[in-house]
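Structure first, commentary second.
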Amino acid sequence: MTHDIHLHHITRVEGHGNIVLNVRKGRIEELRLEIVESPRFFEVMLKGRRFDEAPHITSRICGICAISHTTASIKACEMALGIMPSTETVLLRKILVNAEILQSHILHIYLLVAPNFFGVGSIIPMAGSHPEVVKRALRLKKAANEVCRILVGRHVHPVGISIGGFTRVPSKNDLGEVMRTLEAVVPDMEETVALFKDLEMPKFDRPTRYVSLHEDGEYALYGGMLYSTDGPPVYPIDYKEFITEEVIEYSTAKHARSGGESIMVGALARVNNNYDVLRSEAKWAAKELGLRVRCVNPFMNNLAQVVESVHAIHDSLNLLDDIAGRDLRCGKEDGMKVSAGRGVGVVEAPRGTLYHDYEIDENGTITAVNCIIPTAQNLANIEEDIRALVPEILDLPRKEIEQRLEVLVRAYDPCISCSTHFLEVKFVG
Amino acid sequence: MDRTIKYDGVEGFIARLMDNYDVIAPVPREDRFVFDLLTEPSGAVMEYGTTLLPPVKWIYRNNEPLLKFDLEDIEKTKAVIDVRQQVLLFVHPCDINAINIMDEVLAEEPADENYLAIRRATVIIGYECLTPCREDTLCYDKGCHYADRGYDVIFTDIGSGFYVRVETGRGKEIVGGDPSFRKAVYDDRIALMLRRDEGGLRFGRAVAGEMGKLSHLLKENYDDDIWDVKGERCLSCGACNIVCPTCYCFDTVDEIGSDMREGCRYRRWDGCQLEGFCKVASGENFRDSAAARIRHRVFKKEVYLKKRFGRSGCVGCGRCIDSCMAGISIIDIFNHIMEKRHA
Amino acid sequence: MSLSAGGYGQNMLPVAATITGIDRLTDKDCVFSIRLSKGGILRFRASQFVILSLFGIGEAPISISSSPLDSEKSFELCIRVVGNLTRAVHRLSVGDKVGIRGPYGNGFPMERIEGRDVVIVAGGLGLAPLRSLIRHVIHERDRYGRVIVLIGAKRPQDILFKEDILLWEANPSIEVHLTVDVAVPPWDKHVGVITKLFRYVDVDSLNAVAAVVGPPIMYRFVVSEILNKGLFEGNIYLSLERRMRCGIGKCGHCQINGIYLCQDGPVLSYMEARKLKEAL
Amino acid sequence: MRPKIGVFSFTSCEGCQLQVLNLEDELLHLIEQVEFVNFREMMSEKGENYEIAFVEGSITRESEEGDLERIRNKAGILVAFGACAHIGGINVLKNVCPKDMWLTATYGRRDLFSDTIPVKRIKDVVDVDYVLPGCPIDKEEFLRFVQALVLEIEPRLPDYPVCVECRSRGNICLVEQGRWCLGSVTRAGCDAICPTYRDNCTGCRGLTEDPNIKSLFNILLEKGFTREQIESKFGLFNGLEGISGPGSTED
Amino acid sequence: MKKPLLLLGLGNTLMSDDGAGIHVINELRRHKLPDGVDIVDGGTGGISLIDILSGYGTVFIADAVRGVHSRITVFSPDELGVNKKETGFSVHEVELGSVLELMNVLGMDMPDIKIVGIPAENLAPGTVLSEGCRNLVAEAVDIVIEMVEILLKMPECPAL
């Protein structure tokens, strides 16, 4: 069996990627997941700018994970400057991170993945054939977007969320609106679990190293220690000992490894690593969906996203209860004291662990930047998965092989455009 | 018959108002104030500086629907007026005077029926100023620090509580049945008189010269350099128009629902300071310099409205001065023009 | 009747009207015959305008080109494509419906013209409102003195109402003179700016009125020619153009100094216009 | 007519595409009125028969110029979609450094991906018919834009500055509070979302028709900002280059 | 519907200065007072005052007082007691006080009452006022007129 497969610009993913696969007589001769998105050089853009512009600029790394980038950037700046945000600020940021997880996962599982199972190329034909599914997807997505709109103006490139606190403090009414919005979609989320329960994920097992944040007593999304399925936890500031990046000639995104191994980050990794501290509603969903830890089937990442969506809604409702009893002391303080320093901000973006690392001089100017994007961390692992999967499906017609590979790549929910821009920066001069 | 109310009775009164009306009251916004829909009776502030937007903008609202139409059947087009029973609470005299001007201007035939219908559904509860909001107050020059009509009732702080002047039948209904109010007695009147006497000492003039001659002097100085000087600074951002309590210029926009079947024609605030305000379809711009636009704004208030309605269209609230990033002040312009007389 | 007769929000409410005829004049201009639905009749004066609505697109003021005495049932609008609304109107067909409100504006003071010599000067699209006046005058020709019509356009193909002009030229009771800025044969009329036509104007200057409509730049030169002929400033009428939105003297766009053109205009005597510094 | 639409993206964060998908309430109606034939972020089909191309992102590689030209040739109408396409956006910040540094800074070597070029706006490469400004685009504006295309009328952008919308919302002026803000020279249409949330307007929607930049500069200088700071703020979204595409203000 | 204002004179003109209040209202009748202002001679008062008082929103009472004051004082009914003990009291206090108390007990709507007290020097029988009291009556008339103005005309706005 000989195949010469070139999947140009994988669809229903964010960004531009190709799969190149040459199989000669059943043997893989060439396998590349090419990331052809243009490099954007955010390192260059950030250098020499004032620190408080970093969250705005780095938000533009990715429109889908804009809140994650903004939050990681803010955390890095706060660490560098020694600023401690208030408890309420942190609670609100957690709600926002949850909202982004929800918005991104719903977008992925419904708009990008679900069409596969209905045998169509996009959600558009589903609007005719399964309008209730599409409408439910849109309601859930809207709820997540509404949370962001109320708190920070919009989801894509949020405004008002800032170093030290919020430039616009949400009112009690705002918080009530957020609560009502999320409560209203709880039934939709339950229906979602029921829907995905009936969809069969391809069978394919390949154990790998799962990496995520980890925190005792909390499903770590906003903060925590760096955690890998094997090996001791590591402080975020020491992430360079934990994760390494390499330049791959055919990929404008670098590949990241931990301990020399390819790794998987994202929903499945987090559920695998932190299952115990999921909200009970999410554990119920995992059980319904047949997702048992530790799960080593990358296709199950789609279902892990459903589980996390359930968690995101209920965790936010819980956080809102917590906030309701507090004074909202989360306004941004005037006159930040600027001092030289380095800061590392790590959050769990929808697709996995996101690192922002800045050095700031005594004038508040950024002198060095490193960001590691989740999708870059998954790329090596996707290649390994393809390498393992291809022999199993080699007998299928070529069209189906292509489709299966695309489904595999899509299961990782890659965010290609934001994966292309970073490596440790050493500026000269 | 006038009434009084104790300080601690006000909140209960507001709560009862909120049962029957949308109550729009001054509330803090950062270190300033805005008129906003009250959600809690305790939210209203009585001692406040000039609000960012004047209360009249709740009567002359932005994006006010004018018509609803059906793209498939033009015969179904109908006029709409989104009338809500509302109370504007604790309106300062300058803003009451502004509403009086708007009432007059927009009632001139052919009338602006949307404004008038909403105006009729609006109860105005004033709050009398005994201290100017700002240092260089222009309201006193304009005689608008005090309002003798245009409200249904007006509150005045008389030290022991508020004196509540009842001006209209609707005002009487509102306070008459409310348990927080007592009939005003002779002593309350004395207190009101004393408070006003004290208050009077705090107001002063900002413009040197007789305001009565301003209109004439402006006409004489139509081609003065001041317009060019200010025009160079002006960002033509329209802020002064948007915040002005007597600016009523508008544009209309049609918006269609996403199903492309039904739509609505809205009125949207516009401003004569904006560059495109006088541009016509063929591209010609009949007021294409910032200098000419500033002159038009000042003339509109002080000359054109005065000629048509017998009084200046400026109530001296100072919002256009506060809101001008470029620091253009009508007080400066007025003073400059007043000096011209001696030149 | 006025279509927007007041009442609950009626002042900005258009009534439905049907296009009963479309006549293409040039590549940019069409004349639309319009009849009000439900048998309504539009009563108007020459040089008044209506506001035309296409729902979802917006409104625009359009001057009426037919004479008030032409027909009870319909009126005509000459529409040039200059923007979205006018472009969309040009895509409509006979039988399609539009919204109409008005008429607005003061119109030409016919009572002031009666019994006098009349000089009518039309530049470009200015002929659209003036056609209404010319036809009105022809309808009751014996009420006026000499009638002289001067028409200017950029090129021969831009001339509006060519059929009307042929009739007018053939009508011995009025004098018509045409000029274009640029022309190639077989054009056999004048070439050059409209002021050149004034040598044909020979009127009883103390007892004559002039009506002028054209592009803004034209007024100054034409008015000075008319004044040279000895007409009084108060007897020269101009119809001005501004952005008009509401038609009811509120929205502010058409304001020229102290007046609202949509209510106090669009026709002003030169004596009035001269006092308005923003007018000319 | 039901226009056929292609959505394409070059160097960008793809947030503007996402804004289209964020039209949750309108999406179902939208796909009835227009036919998406090519929209990689949403669908597998890659139709080439689009009449209207929405192009997101800036051009940052030589090869992209050819791709863009092909799109231009197929599309009757080409829309620069979002700040990156319209004015270059954040991407332009890269242009301040020499090319060698981009590569060494990012990949540690300069032989890889060396077809990268200084950032170009879409209109620097091909003719642009319309612009939908903003970082990200305003989804309502997108909807109205598409409606205009369906109605076959000229889509129109506001010709006034952000201040109009900001003041209409009753915001306190940031400049009055001693902060910087480019709203007075920036085209409105975003409903002043940033100042409403008390963030500065960074001018992502490009300049108004006739901005008084000189005066704004002087005002900010008087407020104590340095020339370098002000230029840097304008530079964030390439604002001073942001003279907008066609779009008149008539009716 | 209550009438706005009553000017009520109390006193006995046969007892010299005791009749000062009656003299005040008789004098007031010659002035042009605003519409809606009634003037009533209450004589020496009594229960019949209840009907009269309850028909008005405000009542200004002119009455002679006896005691330490040599100037005209304006005071409220609740100061009646005070006046009685410390500063002298109205000649007709018993009647007026009883009337008001009775109104209170009956739960009647009490008007706003101001008493313009005119110090009495000579309470001997006779119809002629003492010279001091005559001057005070003229002064009281001016005071009442001013009070009427304050009550019926809005106080002027600041600084006009």
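Some points to look at:
For clarity, chains are labelled A, B, C, D and E in written order, and residue numbers in each chain start from 1.
Operating definition for what follows: a residue touches a chain if its C-beta (ideal position, glycine included) is under 8 Å from a C-beta of that chain, and two chains touch if they have at least 3 such contacts.
Just so we're clear, the structure is a prediction, and the values are computed from it rather than from any experiment.
Identification of common neighbours of chain C and chain D yields B. The chains in contact with chain A as well as with chain C are D. Chain centres here are means of the Cα atoms, and by that rule the chain farthest away from chain D is E.
For chain A, the chain whose average C-alpha position is most distant is E.
When every pair of chains is scored by its C-beta contact pairs, the maximum goes to A-D. In this assembly, the C-alpha centroid of chain D lies 81 Å from the C-alpha centroid of chain E. As a whole-number value, the distance joining the C-alpha centres of chain B and chain E reads 46 Å. One simple way to say how far apart two chains are is to compare their mean CA positions; for chain B and chain C this gives 39 Å.
Distance between chain A and chain B, defined via averaged C-alpha coordinates, is recorded as 50 Å. Shared interface positions of chain D, defined as residues touching 2 or more other chains, are 25, 147, 248, 250-251.
Interfaces, counted as pairs of touching chains, are A-D, B-C, B-D, B-E, C-D. Residues 147, 151-154, 156, 248, 250-251 of chain D are the ones touching chain C in the complex.
Chain A contributes residues 9, 11-16, 37-41, 43-50, 53, 56-57, 60-64, 66, 107, 111-112, 115, 121-124, 127, 131, 134-135, 138-139, 141-142, 145, 152-157, 159-160, 162, 167-168, 247, 249, 252, 254, 417-418, 421-423, 425-428 to its touches with chain D in the complex. For chain E in complex with chain B, the residues that touch the partner chain are 4, 57-58, 60, 76, 112, 114, 147, 150-151, 154-160. Interface of chain B with chain C (complex): residues 66-67, 69-71, 74-75, 77-81, 105-106, 108-114, 117, 222, 248-254, 256, 263, 265, 270, 272, 277-282, 284, 286-287, 292, 296, 299-300, 303-304, 307-308.
By the touch rule above, chain D contacts chain A in their complex via residues 9-19, 21-22, 24-25, 27-28, 31, 36, 39-46, 60-61, 64, 89-91, 93-94, 96-97, 101-102, 104-109, 112-113, 116, 135-136, 193-194, 196-199, 202, 232, 236.
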